[in-house]
Structures are given as structure tokens and as C-alpha cells.
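Take a look at these structures.
One chain, chain A, appears in both complexes that follow, with chain B as partner in the first and chain C in the second.
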Partner chain A sequence: MIWNEKIETMPLADLKNLQSERLVKLVNYVYQRCPVYKQKFDQAGVQPSNIKTIDDIVKLPFTTKHDMRDYYPFGLFSVPRTELAEIHVSSGTTGNPTLVGYTHDDIKLWGEVMARAFCCAGAVPDDTIQIAYGYGLFTGGLGAHYGALEMGMTIIPTSSGQTKRQLKIMQDFKPRILACTPSYCLYMADEARDIGIDPRSSSWKIGVFGAEPWSESMRGEIEATWNMLATDIYGLSEIIGPGVSQECHLKTGLHLFSDVFYPEIIDPDTGKPVAEGQDGELVITTLTKQGIPLIRYRTRDIVSMTSQPCKCGRTSPRTSKIKGRTDDMIVVRGINVFPSQIEHILLGIDGTHPHYQLIIDRQAHKLDEVEIMVEVDEKLFSDEIKQMHSLEQKIKKEIEAVLSIGVTVKLVEPKTIARSEGKAKRVIDKRSL
Partner chain B sequence: MAKQLTIFLENRPGRIKSICDVLQVNNLNIWAFAIQDRGEFGLVKLVVDKPAQAQVALVECGVACALKEVLAITAPDKPGNLDRLTSTLSQKNVNIKDAYGFVSTGDKQGVCFLEVQNVNGVDVAKLISENGFRVLSDEELYAL
Partner chain C sequence: MKITQISVFLENRKGRLYEVCSMLGAAGINIRALTIAETETFGVLRIIVDKPDKALELFHKNNVTANRTEVVAVEVEDRPGGLANILKSLSEQDVNVEYMYGFIEKFTEKALLVFRFDDPEKAGKVLASCGINVVTSKDIQAL
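Let's turn to the complex of A and B:
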């Protein structure tokens, strides 16, 4: 079923009018309410009155992850804190995390787009859904929850982890829909076999998988292993969390809910739009958000996009899966990790920048593993074995506290980490996604 | 006092060899060594004939190492001497953090290198000397 048939199948000309109308409202809204945006507009020499249709959006300045950090915590908000119903925090590049906030209407919007996403994947209101995304500051769990609530599904909010319990709940309550990260889904298959459950006999028939990059081959593996339809969902907390776009059962791209999240694909170097179908950076404007509306937010995700309506009847544009990043962010078990965060932690420990390297690996059917190699230079070196060991533990603890995922720290000898042109390669991603 | 080189090494094949290579090239002689293993890495402790020169050579090769003073204690190579030494320390509640040794073949003297803690104001060198052992100076050690 199509959740919001009027909007999701709207003729393109009408959709464009709706976007134009919303953009005009939005620029006036942020110009009046958010001093940071007023300043950004003034500096770019653009006034709300210059924006008449959605095509004028190119006149507006971009918003970046740096803005999120620089104006932390509430600088980019367009409402006072008292109007916020909920806030979520994800990891930032260094120091400050990325804070987002939702008004009651924003939460309703979140529920609406997530309901669209679940229906797009094939769920119906009579379904039971097991939500195994983490609940908490991470947007995955609660975002899915609001969507399922809006749709009227029966929700089992298992959150992430406790795999044996997840499997028991699946067997006992027979949910048809599963929402979690794709790697966790595969991980659960191994656990299932260990306790004598045949994954192919599971009740899960539709998976809504996201929060980390995954490939077509991984999809094939999940579908064959669990005998289910595996669909991709995309989102980022800055825009709303999950629910920006979602694949339908035809699996020919992710439907981007462009009546509320207006997409552009640009050349990351020039900032100019690329031709339809070409790879570029996805830029999103939140057309109707109230709490922290963002103008032309640069997601740093590389995708391609088509505006050809889909055979499923939806008229929204469709993007490819994420093909890469314009920065060095990596996603590990749904958590955004920036090498600069590691650098920041190491700087805090000994006041210098030791050489380090992140190695991300995913063994077959296992969760991602992060190993951090840190070169022991003169500053870090202690001639006491106990102190070396406690240094290792300290680095591990501090990194785990910031990233909220378990890591392995390995102290290595100076000059062990390969350098090219004097600069060490910070990330080695061995995952075959 | 005698000097000890402490060297950080990863626990994998060829790492100790790499240190020995540097010492060999610089014609430095190893008197004693010990290894503390901590899983993925370890510390190698070396007593060599020219410690300062060895440190410079190792640092130039990018090795993380430090030079520190340790007690070099001698006693005749006879049964019961290490027991006497450790009893002396334990009576004063001095903790031995690390110890290793060798026997000098010429005059049948045992040499023990000690790192201690919890000294609580005890002059360990004096205590040992008063109990019939000899604490070697740099020169005495390298003259053995």
C-alpha cells in the first residue's frame, strides 16, 4: 500500500508547486527566527523575497556539518528550547556532537515519513514489527518506532543486542517486519543456527535495513539466508533520522520523500548541480521542519538520482544506494565514525598527535570490528609494562565512551603504520560491504 | 648505578632481531636481558656495555626506548645468596618489580639486576651493602 497516496503519487508539476510554496515559507521562517541563517543569507546577498520557486533554491547558501558543530548546541535552531519535544545526539567530527531537536510537529513528520517508508517496503497496518535498531540518542530506534506507531502496526521494541532474546521473540510473536542494521540481520542468522533455528523458517518476511552502507551482494545473502525481502532505508539525524528515503518492493532505488526533503545532487567541488543520473553529493533542504530546519544541507553522501516515476506508482525521485562519501566518515554498526574523533582523543591523552590507524573489518556473518593501532612514540612510551597496559586500556575506554562501540586498541612500534608522502593512511576498511 | 635500556616491541617474529641488528652494527655488547610480555606487545630490558651510545643508536632507528638506573648487585655464585638478598628486602617491605641476572664466568660472581618499589625512605643500595652484597657502579659492572 501507499501510505500517503495523494502526496506520494502527486503529478510532478503539482509536486513542484508544493515544493515552491513550502520553500518560500521556509526561507521566511528561518530568516526571521534563526539569526545564524539571517546572517548566512545576508552574507550570500540573498533575501527571502528573492526566492519565488523551488528553482531559486540554488541562490541559497549551503549548510554543512561544520555549521552544526560551530553553532552547537542551539545556534541553528529556529525555535526556543521550550518548544522542543525531543532531542537526539549523534557523533560529530570532533569535540561537539551533532545535536538535533524535534518539535511535536517534527515528531509527527518523522512518524509520517517512517510510515511511508514501512509501507513502501511492503508493510501494512495489521503487521507486527520487531524494531531492533538501538533506542536512545541514536535516531534509528525511536524513528522506526514513531513510524510504526503512526501506521498502527504492533510494535515489539526489542532495541539492539540480546540476540537469543530477539530470536525467541521472533519465534513467539511472529513479526513479519524486521527493522535493524543489515549486518546485525546476518549476525542473527549465525546465532539462530547455533540454537537450532533454521533462518529460512523465520517469520520475518520484510526487512527494513539501514544506518550503514551495504551492497547488493549483501542483500542477496540476507534474502537467501532468511527467505525475506531486504529493503534499504536511508536517513541522517541532521535531516530527521531514518525516513528520508526508502526502497519499494521493486528495489529500483530509494524513494526520496521530496515534498518534505528537497534533494539536489551537486558536484562536491564546484557546488553546481550535476546532470540527471550522474554521481554527486546529495544535498537536502528540510521543507517543513520547525525545530532545526536546514537549508541545502550537504550530506557528504555520494549518490545518483533519477526523477523518472517508479512502476510502483510513486512519483518521488529515486536515489541510488550510497556510493561513497566526500569526507572520511565511516559507518560502523550504525555509528558514524570520523578519524578526527580518534585524533582528538589521542591528543587529549598525551598532548601530541601520535600516528594511528583505524582498521575496520567484517568477518563473514559477523559484526563490524574496529581495531585502532597507535604508534608508541617517545611521548607515549613508558618503561613500565603496567603503565603501557593501562595506557592501552585508557585509550580503549575513552574511544569507546565517545563512539559507543567496542574497539580493540593495539600499541605498535614507531613507524609501523605505512605512510604515503609522509602522511599516514588513517582508515583501512577491509569490509566487503 | 648501572643503566638499563627498556625497549617497546610488538610481539611478532623478527622484532628482537631488529634490536640485535642495531647493537651488532654498532659493536655493542649485551650483558644481560629480560623480556616482559603483555600479549600483543612487550618490553625488552637490556644491559649493554655502552648504554648511552646504544640508546642513541636505537632512537635513530626509530625505536621507542628509555634509559633508566637499576641496581646491579653481586654475590658469590653459591646456593642461598638470592634467598638472603630477597629476605633482606622483604624484611623492609621493599617490593621487587623486576629482576634478572647472569653469572660472570671469570670470578664466579652472580650479578642480579633489580628494580624495586615501596622503598619508603629505605636506602636500598645501603641496605644491601650492609648485608654483605656489593652494589656495582657503572665502571665496576662494565669491568667485569
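Let's turn to the complex of A and C:
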């Protein structure tokens, strides 16, 4: 079913009018309420009165991850803190984390787009859904929760982890819908076999998988292993969390809910739009958000986009899966990791700047593993094993505290980490996504 | 009183100890005492050599992580209870031994042991007050 038939199948001309109307309102809203945006607009020499249709959006300045950090915590907000119903925080690149906040209407919007996403994947209100995304500061769990609630599904909020319990709950309550990261879904298959459950006999028939990049081959594996339809969901906390776009059962791209999240695909170097179908950076404007509306937010995700309506009936534009990043961010178990975070931590440990390397690996059907190799120079080295151990533990603990995922730290000899042109390669991603 | 030990960081990989030792051999540096402490992923090689400054320079040049630690080499009666005797005095005076190991050869009838103390100054005083012979750098070079 299509959750919001009127909007989701709206003729393109009407959709464009709606977007124009919303953009005009939005620029006035942020200009009056958010001093940072007023200043950004003034500096760019653009006034709200210059924005008459959605095509005028290119006159507006971009918003970046740096802005999120620089104006932390509440600088980019357009409402006072008292109007916020909920805030979420994700780890930042260096120093400040990324803070986002939702008014009651924003939470309603989140529920609406997530309801659209679940229906797009094939769920119906009579379904039971097992939500195995983490609940908490991470937007995955609660975003899915609000959508399922809005739709009227029966929710089993298992959150992530405790795999045996997840499987028991699946067997006992027979949910047809599963929402979690794709790697966790595969990981659960191994656990299932270990305790004598045949994954192909599971009750899960539709998976809504996201929060990390994954490939067509991984989709094939999940579908064959679990005998289910595996669909891709996309989102980022700055825009709303999960629920920006979602694949329908035809699996021909992710439907982007463009009546509320206006997409542009640009050349990341020039900032100019690329031709339809070409790869570029996805830029999103939140047309109706109140708490922290973002104008032309640069997601740094590389995708291509088509505006050809889909056979499913939806008229929204469709993007490809994420093809890459414009920065060095990597996503591990749904957590954004920047090599600069590791650098920052190591610098803090001894004031030294050791060479390091992140190795991300994913054994078949296992969760992503992160190993951090740190070159031991004379400043870090001690003749006492216990000192070296505590150094290893200290690095491990501090990194885990920032990233919220378990890591292995390995101390290695100088010059062990390969350097090209004198610069060490910071990340080796061995995962076959 | 104190002598110089060189500690070397070694990754736990095949042939690495050989590489480090052959570096010393090629430079004409003789190992007088050694021990290896190891963990799952790395080890620390501790050596007493006849030319410590030269060895350190060599390691530095070859990107081997190494540093200098002050240790105390002590002559111990080569008979049952010889070591226990020394440890008793140290323990009574609250001197903590971080680690210790033996020399490969001895230059008198007594055994030679290397001690790494948390407080080498105090340890030296305790040993001297017990009339225990502490080996000097000159003695090591003369070995």
C-alpha cells in the first residue's frame, strides 16, 4: 500500500508547486528565527524575497557538517530549546558531536515519513514489526518506532543486540517485518543455525535495512538466507534520521520523500548541479522541519538520481544506493567513524602524533570489526609490559568511549604502516559490502 | 652503580628477533644478558650489551623502537638460597622488583642477575648496606 497516496503519487507539476510554496515559507521562517541563517543569507547576498519558486533554491548558501559543529549546540536551531520534544546526538568528526532536535511536529513528520517507508517496503498496518535498530541517542531505533506507531503496526522494540533473544521473540511472536542493519541480519543467521533454527523458516518476510552501506550481493545473500525481501532505507540524523528515502518492492532505487526533503545532486567540487542520472553529492533541504531546518545540507553521500516515476505509482525521485563519500567517513555498524576522531584521541593520550591505521573487516556473516594499529615510537614505548598493556587498554577505552563500538588495538613497530608519498593510508576497508 | 639496559619493542612476527640480533652482530655489539617478555601481539626484548650507546644509535637509525633503562646488576651467591637472601633484604626495605633475569656468563664464582627496581636509588643503598656486590658498567664491558 501507499501510505500517503495524495502526496506520494502527486503529479510532478503539483509536487513542484508544493515544494515552491514550502521553500518560500521556509526561507522566511529561518531568516526570522535563526540568526546564523540570517547572517549566511546576508553574506550570500540573498533575501527571502528573492526566493519565489523551488528553482530559486540554487541562490541559497549550502549548510555543511562544519556548520553543525561550529554552531553547536543550538546555533542552527530555529526554535527555543523549550519547544523541543526530543534531541539526538551523534559523534562528531572532532570535538563537538552533532546535535539534532525535534519539535512535536517534527516527531510527527518523522513518523509520517517512516510510515511511508515501511509501506513502501511492503508493510501494512496489521503487521508486527521487530525493531532491532539501537534505541537511544542513535536515531535508528526511535525513528523506526515512530513510523511503526504512526502506521498502527504492533511494535516489538527489541533494540540491537541479545541475538538469541531476538530469535526467540521472532519465533514466538512471528513478526513479518524486521528493521535492523543489514550486517546484523546476516549475523543473526549464523546464531540461528547454531541454536537449531533454519533461517529460511523464519517469520520475517520483509526487511528494512539501513544505517550502513551495503551492496546488491549482500542483498542477494540476505534474501537467500532468510527467504525474505530485503529493502534499503536511507537517512541521516541531520535531516531527520531514517526515513529520507526507501526502496519499494521493485528495488529500482530509493524513493526520496521530496515533498518534505528536497534533493539536489551537485558536483562536490563546483557546487553546480550535475545532469540527471549522473553521480554527485546529495544535497537536501528540509522543507517543513521546525526545530533545526537545514537549507541545502551537504550529505557528502554520492548517489545518482532519476525523476522518472516508478512503476509502483510513486512520483517521487529515486536515488541509487550510496556509491561513496566525499569525505573519509566510514560507517561501521551504523556508527559514523572519521579517522580524525582517532587522531584526536591519540594526540590526547601522550601529546604525540603516532602513525595509525584503521582496518575495518567483516568476516562472512559477522559484524564489522575495527582494528586500530598504532605505531609505537620511543615516546610511547616502555620496557615494562604492564605499561605497554595499559597504553593499549587506554587507547582502546578512549576510542570505544568516543565511537561507542568495540575495537581492537594493536601496537606495531614504526614504519609498519604502509605510507604512500610519505603519507600513511589511514583506513583500510576490507569489507566486501 | 646502575648499568644500562636496552629495551626493544618487537612485533610478534616471524624472524623479527633474528633481524634485531643480526643488526647487533653485524655492528660488533655483544649481548651479555637478555630476556624477552611477550604478550599476544608484541614482545619486549631487554638486553645488556657491551656498547649500549652504539646499540641505541644503531636501532634509532634502523627504525627499531628502543630505549634506555637503568637497571642494577648484582652478584649473587651461586648456591641454594642465594637469591632468596637478597630478595629478603629488598623486601624488608620495601623495594619492589619490576622484573629480573640472569646473565649468560659470570665473571667470578658468583651468579650475575639483572634487576629492574621501581626505585633503583634506594635499591642500590639497600644492597650496599647488605654488603652485596653491585656490578658496574666497566665490569660489563670487561666481560
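Operating definition for what follows: the second predicted complex is superposed on the first by the 433 of 433 C-alpha atoms of A that agree within 3 Å, B and C clash if a C-alpha of one lies under 4 Å from a C-alpha of the other, contacts with A are read in each partner's own complex, and residues count from 1 in each chain.
The rule we apply is simple: contacts are C-beta pairs under 8 Å (C-beta built on N, C-alpha and C of every residue); 3 or more make two chains touch, one makes a residue touch a chain.
Keep in mind that this is a model prediction, so the values were computed, not measured.
When both complexes are superposed on chain A, chain B and chain C clash. Once the two complexes are laid over each other on the shared chain, residue contacts for A:378 go to chain B and to chain C alike.
Touch criterion met: A:416 reaches chain B and chain C at once. Contact with neither chain B nor chain C is seen for A:269 once the two complexes are overlaid on the shared chain.
Chain A residues in contact with chain B (one complex) as well as with chain C (other complex) are 376-378, 381-385, 388-389, 410-416.
Residues of chain A that touch chain C in their complex: 376-378, 381-385, 388-389, 410-416.
Remark: chain A residues 376-378, 380-385, 388-389, 410-416 touch chain B in the complex.
If you check the complex, the residues on chain B that touch chain A are 6, 8-10, 15, 36, 38, 40-43, 59, 62-66, 68, 97.
Interface residues of chain C, counted against chain A in their complex, comprise 5, 7, 9-11, 16, 37, 39, 41-42, 44, 46, 63-67, 69, 98-99, 116.
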